[in-house]
Amino acid sequence: MIETLKDYYSGFAIMNQELTLVLVLIFVLLADLFLGEKGKKNLQFAAIGSFALATISGFTVSFGGSQEAFAGMYVTSDMHVLVKNILNIGTLLVFFFAHYWNKNENRNQSGEFYFLTLSTLLGMYLMVSSGNFILFYIGLETASIPMAALVAFNKKNRDSAEAAAKYILTAAFSSGVMLFGISLIYGSCGSLYFDEVANAFQGLPVQILAMVFFMAGMGFKISLVPFHLWTADTYQGAPTSVTAYLSVMSKGAAAFTFLCILFKAFHNYPEIWQNILWWIIVVTITVGNLFAIRQKNLKRFLAFSSISQAGYIMLGVISGSPLGMTSTVYYIFIYLFTNLAAFGIISNIENQTGKVGMDDYNGLYGTNPKSAFIMTLAMFSLGGIPPFAGFFSKFFIFAAAAEQGQYLLVFIALLNTIISLYYYLLVVKAMFINKSENPIPTIKSDNMSIIGLGICTIGILILGFISPIYEYMTSISFGM
Amino acid sequence: MMAIIFCLGSEKKNIIRMVMAVGALAILGTAVYVTLDFLAQREAGDAADFLFRQDIVWYQSLNINYSVGVDGISVAMLLLSSVIVLTGVFASWGMEIQTKEYFLWFLMLAIGVFGFFISIDLFTMFLFYEVALIPMYLLIGLWGTGRKEYSAMKLTLMLMGGSAFLMVGIFGIYYFSSADGQLTFNIVEIAKNHAMPVDKQLIFFPLTFVGFGVLGAMFPFHTWSPDGHASAPTAVSMLHAGVLMKLGGYGCFRIAMNLMPEAADQLSWIFIILTGTSVVYGAFSACVQNDLKYINAYSSVSHCGLVLFALLMMNKTAMTGAILQMVSHGLMTALFFALIGMIYGRTHTRDIREMGGMMKIMPVLGVCYVIAGLASLGLPGLSGFVAEMTIFVGSFEHTDLFHRFFVIMGCTSIVITAVYILRVVGKVLFGPVQDKHHESLTDAVWHEKIAAFGLIIAIAGIGLAPLWLSDMISNSSIIMHFMK
Amino acid sequence: MNVPVEFYLVLSTLLFFIGVYGFIVRKNLIGILMSIELILNAVNINFVVFNRFLFPEKLEGYMYGLFVIIVAAAETAVAIAIIINVYRNMKNIDVDSIKELKN
Amino acid sequence: MDYTVLLLAIPFLMFLLLGLVGQKLGPKMAGILGTAGLSVVTVLAYYVAYSYFLNKGLTLNGVLESAVNGDGSWKALTSFNFTWLDLSNANRPDLRIEIGMLFDPISVMMLVVITTVSLMVHIYSIGYMHGEEGFERYYSILSLFSFAMLGLVVATNIFQMYIFWELVGVSSFLLIGFYYKKPSAVKAAKKAFIVTRFADMFFLVGILILSYYTKTFSFEQINGDHAALVHTTMGGLTFMGCSVTAIALTLIFLGGAGKSAMFPFQIWLPDAMEGPTPSSALIHAATMVVAGVYLVARLFPVYFFEATSVLTFIAYVGAFTSLFAALIACTQTDIKRVLAFSTISQIAYMMVALGVSGYASAHEAGLGFTASMWHLFTHAMFKALLFMCAGAIIHAVHSNEMDDMGNMRKYLPITHWTFLIACFAIAGIPPFSGFFSKDEILTAAFESNMIIYVCQAFVAGLTAFYMFRLYFRIFWYNEPTFHHTPHEAPKSMTIPLIVLAAFTCVGGFIPFSEFITAESIGYEIEMNTTIATISVVVALIGIAIATFMYKKQNEWPDKVTAIFKNFYVWAYHRFYIDEVYLFITNKIIFGIICTFIAWFDRHIIDGFMNLLAWTTNLVSDETKEVQSGSVQQYAWVFIMGVVTIVALALYL
């Protein structure tokens, strides 16, 4: 236990990434305060630049094994570092795409945008690295409260307001439910440390009840059915950059945290939560797909698509094995590039023309071939079509589930990929095949989003072929 | 090993075409070279299962390798594919809209096909398999005709449905096939280990077989085929019916049956019923269609049914026949689709009721069509006969009533085939000219002739001298494996 | 006075479900927010009671309760800000006015 | 490989040459090339026949091989035999399809028949087809046919036979459909092909069964040693109460029946007359249609030793067919159709002969076999002649109908005389060739089965009747009004007529039984004078009636018709067999089965797939209310979800 104050503070030594992020946060806050009206342009560069530096610095962190700080309240390992790095990359990409928006429509509040986004990122860091339900809760709320503000960013837009209201209310409700569950866990297990919970967990009814309450709260964050209903409304109403952030980072971080907690705190009775998760996955994938089919608004469409993707991510979680963890993280990693590419295109077009309907995309290939091409790549990758990265991530995640003998589940998920392919192809069809009398005019993207899209495209195209990434994840992953 | 040419960046249609033609020629050249080299190495006594092996570790932790190699069967399929790709390029010479994109997707399709045939790693194979499927959507949806969007979607979704079955099957094989705890995707090793418990085989064999069977147009999973072919542009129909459908048969053989022989043995009766049905069913359906492409699509159902049917007979002769039938059907159906495309390009109709007397108007196309038809109904001297006879003789190995019944039922298909082929020939080519406008139509132009003649030469070549091909195929260790 | 632990739990559970019920039936956004507070209070009662009665040697439950209160405050602040925004856009804070995004 | 391969190679190369570059050569060149090529083949064939039969030795691959075994029987020689396709497997290690050339008495005899008739047809066609569109195509197909037919007869194994069998089928199809612009020709071609194809299917299955047990295709092994191989491998095997051998051989016979237009496959042959007349002469009279007879003859030892019942069956089928076709022939008015039915009837004769034949040469037991082959030979000559004469007549009047003809003997003298010779031959009047061969057949039938004998004798009378009916209607009778005066055919057409007439005159004096017997051992035939007399008398009666009725126009034909009114109508309509077929194919197979399957495919199978998609979309649409937009409802679903999961987790 804690020997001295010095020992205590040495805990900060392993929080490199969090500390760096806090530095960036403060830097952005100060910059926003002092740069004034004229410096807005520089502010963006300052924010993006400093965060890019932080991202790069994140890759230098390495532990070799699992580390603890603050008496196990905070844990980290190479895998945690990697997940945070992945989150960094995603956030950076979102910044690239948001650049144009921040430069024009949102110019007055761009500093706040960066600050709030980075705050949620900090929350995610804490959530990911938590070893105790307290830190987990703090991280979770740090991640979600600023997010509500971000969703409401378009103050003049009623959709944005509605989306934010729905988000904050549901989030509060779900965290209430989850907290109730945690309180019961505490009551029945006597501790809030994950590993101590694991030891005290005996599968009592009250514990199962508590676990389900807890899972419901996580299900809200990852938007698993039936806790998903807020997703589409919020995604649709929120500014596109925020939606992108929400759909990838928030979901990814929550999924990884969920995985860690299930592995650490409930690993003695896996069949209980595996059975629950089994049904949740089936329902999630199916409902996500069924609802996505009829969507006409692309953001809403991607919301449902992301719900079904969340179901696929859970396939890795249900396996409970190192392979499961690897494939989950890998899936999130690939999903990040893929989904952000899609959102990049959508936000580009929305920013410049205000169109987000699927019908508006008719004939896009004729006017904006590159955008259409990238969108197609993204759609194919989301649908799991080789040789794009999405195929690999899907294959691995199925492999992880199949390893545990979940063949029926894999089969159901695969059948669902048919439906998902159908609606992904609808987008492709709109862009390539459908004719439009009033196509989206040729748009000129700004440099930042071009860089972002370029990175995404490269990611989609070649990540699957670069096996060292996956191998590295394998080497640092752990199971129950 | 396979030199694939990308013609990015070129906006000039003629240049693209030339590049494609040269590239396809190079592919054919490579394939021929590989064949000759293969035969030479076999001659020299290299008895390894697969020649030209190349293994690159890819995903080490899952033991995924990029492993390629060829045996006699793959070589045969490579030859087939390269011939069809080349002729396909010539058949789509007249493609005017978005030429670059068209050929790019076309190439992607070709890459998938070639990759599939040379892979001996399940993962790599599956990867290429899906690579080959997806371009179809755009190729049909964009450059197709008729109800192209519906057809393209249906085709893609049904084939993806097949690959859903398939993927589960692959995982089953992967996780249950290891002998010493080392999981592997390598087909050769899995076959050698032969460690998969029979009860697991019984689960995963049907999944895998159906998965590939969908692509092989097995009844009742064939309905993508008529619509898909009907809507696809010429070269895509050619490649699809000619090569892509063979992926199904090849996969059934190489993966499902090779890796799970016991289950194949026990469950073959179910699939014999299904494939036997498709043989006759496809033929009967073709008899009353009025769209040329539908006729040919149903005919493909019938012929591809015969491929799977023969595979399930599980003896050397029948299996050799099945592979021969793949090659033969690939060539002749490609020829059919090429010709239909050319005729359609002139008459703008594929309805046989609206055509007549084409033989007079376009004698070259007419004669080619007759030859294709004769090949299809199994005329000696053309490839179809060789394949069908090998199949029937091989299938007759089984003495029990069940097999006999289905073999004889399969034999009836040769009559029904004659019926629908002659119906088309009689209506479209012979007889009086139906539409006065057709009289001014022109005959084949040079690139069309190249396409048609290339295929005819291949068909007749196999039909006249089949022994080398049949020997090359039947000497593959995988077929020997089934000699009980 | 020795109130058994079960009584507290019954209270907290009741409070929780009253909160849930309130969330589902209240028409006013502020009312809904208050219902959430009820849920959180139920949670707090749980934590404190468990700590006090079952695990009095450590302070985890109390600490958690404190954090919940703090976070709830922050949450409420943001929520109210958003509700104000809703009011600004829609001129009321009726829950029925945020039903536009659907299907 | 030596010069004999040219027998096959020349026609094949000619086919390729004329088929590919015929257009560029022009019709004249094509005709000359084709004819020249076939002349070479004919010379070769005669040389082979000469060496084989008369010199009793054939130089093959540079070695003179004796054509006679030690015991004086004829020996089968093989000039080459290479593996074309390997069909072996664990069970049947030596099963392979070979292509080779077998020379034995019947194949050599057939070589002579085919090349002779084919050459005549080639020459004849130069005149007949003059100026026709597609002249080159015609010659190319003729070459293909000659190639296929020669390949068929020299086949060393049953599968090679099947291969060429199919090829003759397709060349027949192409020739029948030669006038492809004429819908009736296209229909006839289709019919011919499909009917024979249908029969071929039985043939194929027969081959499969036979080869499955004997593990070989080779005739030599199957037939050798009195079909001992068949006996050891298949003897005693039964399937549903029938002997497997009998089933296999019946199926093979059905294949032959299809090509030879035996009942019930006879329907295609009359329609096949839509083709150019010379090709009808070659294919549908002289050569291809006897392939079925040749097939049975080829496998005769197997039939005789292993499936006598099938042989009897063949005899009855033949007898019935000959009677049936002869009756129809009496009523037809299209001269080519009369000839077609006559062909069916005559081929049936050959079948009968095989069916009633014994095996041994001693005591003329194998007389039927010899007679059958002999009749095949003589029939080929005189029937080809008849057809060519008919061609010359059609050439002159541009019609096939009897009503457009009459009193033509003065316009077409050569045709008239040659036609008359042929008529005498077919009617069985000595000393023309048909008399001898038919007489042997009747003798064989007489010795074996009385019913069949009576039937055949009656048919002989009918034959004489309808042939002379034809003769008198064309060359005597009343002269109709011609569109233009008929004129004799050009030399290129008349010379073949004369040559064939010569063959017809002398064909009966060839000592056939020395050469061709079932046992391959020659013997002397002694003529049975009683039977010979009866048959001549019957023939004369037939001729007399025909003369009485048709020499001059009179009322007797109508009277006779009135007596047999219904029967006449039935016979005129070929006993409505075609209609039955049409009903089965069009109404039942096309109308019901195919249409149903196509409907089933579109609406049930495909409909099911569409239903899946439709349901998915429907569910998607129906469930949109779940996403109602109300945050309270979201919370409701949320909490109910939790409750449900808890319930599931606790109680399941």
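In this document, chain identifiers A, B, C and D correspond to the written order of the chains, with residue numbering beginning at 1 in each.
Quick note on the criterion: a contact is a pair of C-beta atoms (placed from the backbone, for glycine too) under 8 Å apart; a residue touches a chain by one contact, two chains touch by 3 or more.
This structure is a prediction, so every number in the text was calculated from the model and none was measured.
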(request) Name the chain pair with more contacting C-beta pairs, choosing from A-C and C-D. (result) A-C
(request) Give me the ID of the chain with the smallest distance between its Cα centroid and the all-protein Cα centroid. (result) B
(message) Could you work out how far the Cα centre of chain A sits from that of chain C, in whole Å?
(response) 26
(message) I'd like the Å distance between the centres of chain C and chain D, where a centre is the mean of that chain's Cα atoms.
(response) 96
(request) Just give me the whole-number Å value for how far the CA centre of chain A lies from that of chain D. (result) 78
(request) Report, in whole Å, the distance between the mean C-alpha point of chain A and the mean C-alpha point of chain B. (result) 43
(request) Could you list the positions in chain A whose residues touch two or more of the other chains? (result) 165-166, 169, 173, 177, 232-233, 294, 422
(message) Can you pull out the residues of chain B that are in contact with at least two other chains?
(response) 157
(request) Return the residues of chain D touching two or more other chains; collapse runs of consecutive numbers into ranges. (result) 613, 624, 627, 629, 631, 635, 639
(message) What's the complete list of touching chain pairs for this entry?
(response) A-B, A-C, A-D, B-D, C-D
(request) Within their complex, state which residues of chain A touch chain C. (result) 133-134, 137-138, 141, 145-146, 148-149, 152, 155-159, 161-166, 168-169, 171-173, 175-177, 179-180, 182-184, 186-187, 190-192, 232-233, 236-237, 294
(message) For the complex, give me every residue of chain A touching chain D.
(response) 165-166, 169-170, 173-174, 177, 205, 208-209, 212-213, 215-216, 220, 225-227, 229-230, 232-233, 272, 275-276, 279-280, 287, 290-291, 293-294, 419, 422
(request) Would you mind writing out the residues of chain C in touch with chain D in their complex? (result) 20, 23-26, 32, 95-96, 98-103
(message) Touching residues of chain D toward chain C in the complex: what are they?
(response) 624, 627-632, 635-636, 639
(message) Taking the touch rule as given, give the residues of chain D at its contact with chain A in the complex, in rising order.
(response) 613, 616-617, 619-621, 623-624, 626-627, 629, 631, 633-635, 637-642, 645-646, 648-650, 652
